[in-house]
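One structure, pasted below without further comment.
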């Protein structure tokens, strides 16, 4: 079950080359992404209406796609515009198309009711294009249901264990209870760890100051679009960071993470980890991408192993612990949205 | 669902060596093929009656097969003729055998009602042994249901696209509507493309004349046995080929293709592509086998990709186009035969 | 379906290193084995109570295991003893533990009603630690249901065929009808082959005498625990071995084999093949382990192939032959125990 009336990040814009085609499965449906000559992104079902050959085995012909099985041609809206050997085309030969918008370097697709596909609902990832931030677009893939990935993000106590030697580096993270708030889009978590003896391991070699550190992670998880938007940072302790006063050597980061279901058992993961200091230091930008990526592989190993255990657990119930307030709220909001969509569809 | 009362090509005769055994699954059932000392081909279920060990892990002993698990011996008719440690054999120890005939270099098996296994129903592939034709026996395997393979053969418009640079080489093929006729065995398609600027790409280097070409494909597809029997050729344009007058430099081919279901998801493909000119030119014979084989790999790539899309398409309906009259007729005939067999079995 | 109220061999003691953890699936359930600092073996479900992460991805901390997802700590009895960020622990956070005993170099686990886990029921494998016997612990794995493995052991006629050139070496084995007796634990089979021309092939190079041989296999198969306990040997013919009079050059062996279901489709196989002569000859001990292992690979090849055929055979019935009295009795006893356990559980 997926929320359908939402924009899902589905590709980086740079994956769509001028005459190329990108096949990718989103919410269990095989899609074809391509870019017209005017730059516009189009998304069709990756399935010829005729004999269900994948259009991604076809050929770009201008702004159209020809199925290379029997030669039908479709335009960017999925309209069948040529059927070899006849004038006009047979009825019912169009293929489904999906609203798509390219924004903030990402391609967003809407797989629900097209009438509701309001671009204003696209999550804000302006940092990807802002001159005030530097980051590198990255993609991961998890062999797990997206809800297990969201659970992971909704409880940062795992940083102390899964990421002991990478993103975490402190037992304080797990021992600190975050503030959990419901927002109009989902869940907001705020976590401060004051006076930590040092930085997280992933910043090694790039520290901007010495001495104790005030660290924070403040993030929104939108339960439509599964957009995780996090501000995090490290400031010299006792310089006022919790009150919003940032000393010049403070290191501030912003991470956008887009968790898009491929199908019930697989998840796409588009992410950036931007810094707003030392913008000219491309080595730092690159190092952050590599180190955060290594951290996400730690998540992936754990979550994929967890998925295998879940698969053999039938209806067994998980136990709730105190740290679960974030993920419990997130799961509850998602279930409510799924129920609302189902009711609307008369399902 | 498979038509059972039909002869299915299941092996090339040369695959059955003197003391060997060939295991192969046909219509979802694992079979064992072997050749007796008098040359006769025998086909048994590849399953010992006792504990279901595969007989193909057994040992030929003369014209019999010994199961190498507990030692039971079966003759070529599946009769259990030895049970170690007793005189005679226990009841119900025979294994099923299937009528089999070797003809035209192929081994044909009948998996329906044995009383109906009339060898006169075996498809005509005499070209395999005729001194007037030269060809090389070949086998392919598709990870797809056999009906998708038949569909492919029943609409040659795909030659223009799947085989653009191999077997096709002309948009005319897709733009030409073939004559489609129902025969007493299945479907007959006739397609002429007159005055084409050149030969199909797969004939490159072996052309026997220059100038424009009249090309044709005329074939029967038998919906019992799934035998595709095609005459095709290239004649100098305007020399009377469509009226049956073949100029001496005309290049005539005959292809037999036998589409045998392995199971619901896999298909065996036995084929030849014979020429009746330049018979002494074994390089040509070999080149045709290699080039047609490359063309069939193009089909395989498309059909296997199509099968994956079909698998995720549930009950979604394919669209019909004008070119579908051949495959629609073929599918209809097969469904009628399946229904007739089911009715007869009281299924 | 598995008999649950039984001790199952699940690991060799040497697999449990001081600070290590061993994940292994038994009867379809993923378990975690580890050894406390006092040497005691503990077995937990390999699944954190919280979010079902595998504990085997966790970390030993003294005699406890920390889940490395969110940091919960469990003691050797599965009790949750630490939940990061709170005093005490949340309710229902313990994980299941299973009675376990290390005896005769093997780790035995009980997955049924813990109240019935009487260590006196552990099968006798004292030869593994006796100064009178020499053997090497070995493990195999079969991709097959355990019942097919038991069938194999309950009919030694397969030695003549599966093991023609290894453990068997004589048609007499298949032609000799064993004595089959029901015992209080299962089935006992006794098989003598008198005056055989030579030894079994696996003893080549280690024969202790020349001339004809009286061979025997006498074994109990316990249908709880699936313990196969076999005495076998080769004595000079006509020296009284069948009456229990063993000439000094007689070669006597004892094999323990423990057949433990991993799940419905896979089986663990723990075994030894001990000799009680030439104890100082470690080359012999090693050779026996290697040669018997090669023989068991022959079984594995046959049984895994048989399983594939069984999988495609639906409800088809196997035929009974005279040699089946042992396996028929064994199967009947197992079915009765399964039915008794089901009745007790009100299933």
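Each chain carries a letter (A, B and C) given by its place in the written order, and its residues are counted from 1.
Operating definition for what follows: contacts are C-beta pairs under 8 Å (C-beta built on N, C-alpha and C of every residue); 3 or more make two chains touch, one makes a residue touch a chain.
These figures come from a predicted structure and were not determined experimentally.
Because chain A and chain C share one sequence, their contact can be compared position by position; here under half of the interface residue numbers appear on both sides. Overlaying chain B on chain C by C-alpha atoms takes a rotation of 120 degrees, rounded in steps of 5. Look at where the CA atoms of chain A average out and do the same for chain C: the two points lie 49 Å apart.
The residues of chain A never reach two or more other chains; the list is empty.
Contact residues on chain B toward chain A in their complex (touch as defined above): 151, 155, 157-158, 160-162, 164, 171, 174-177, 301-302, 305-306, 308-310, 312-313, 316, 318-324.
For chain B in complex with chain C, the residues that touch the partner chain are 28, 30, 46-47, 49-54, 57, 66-72, 83-86, 89-93.
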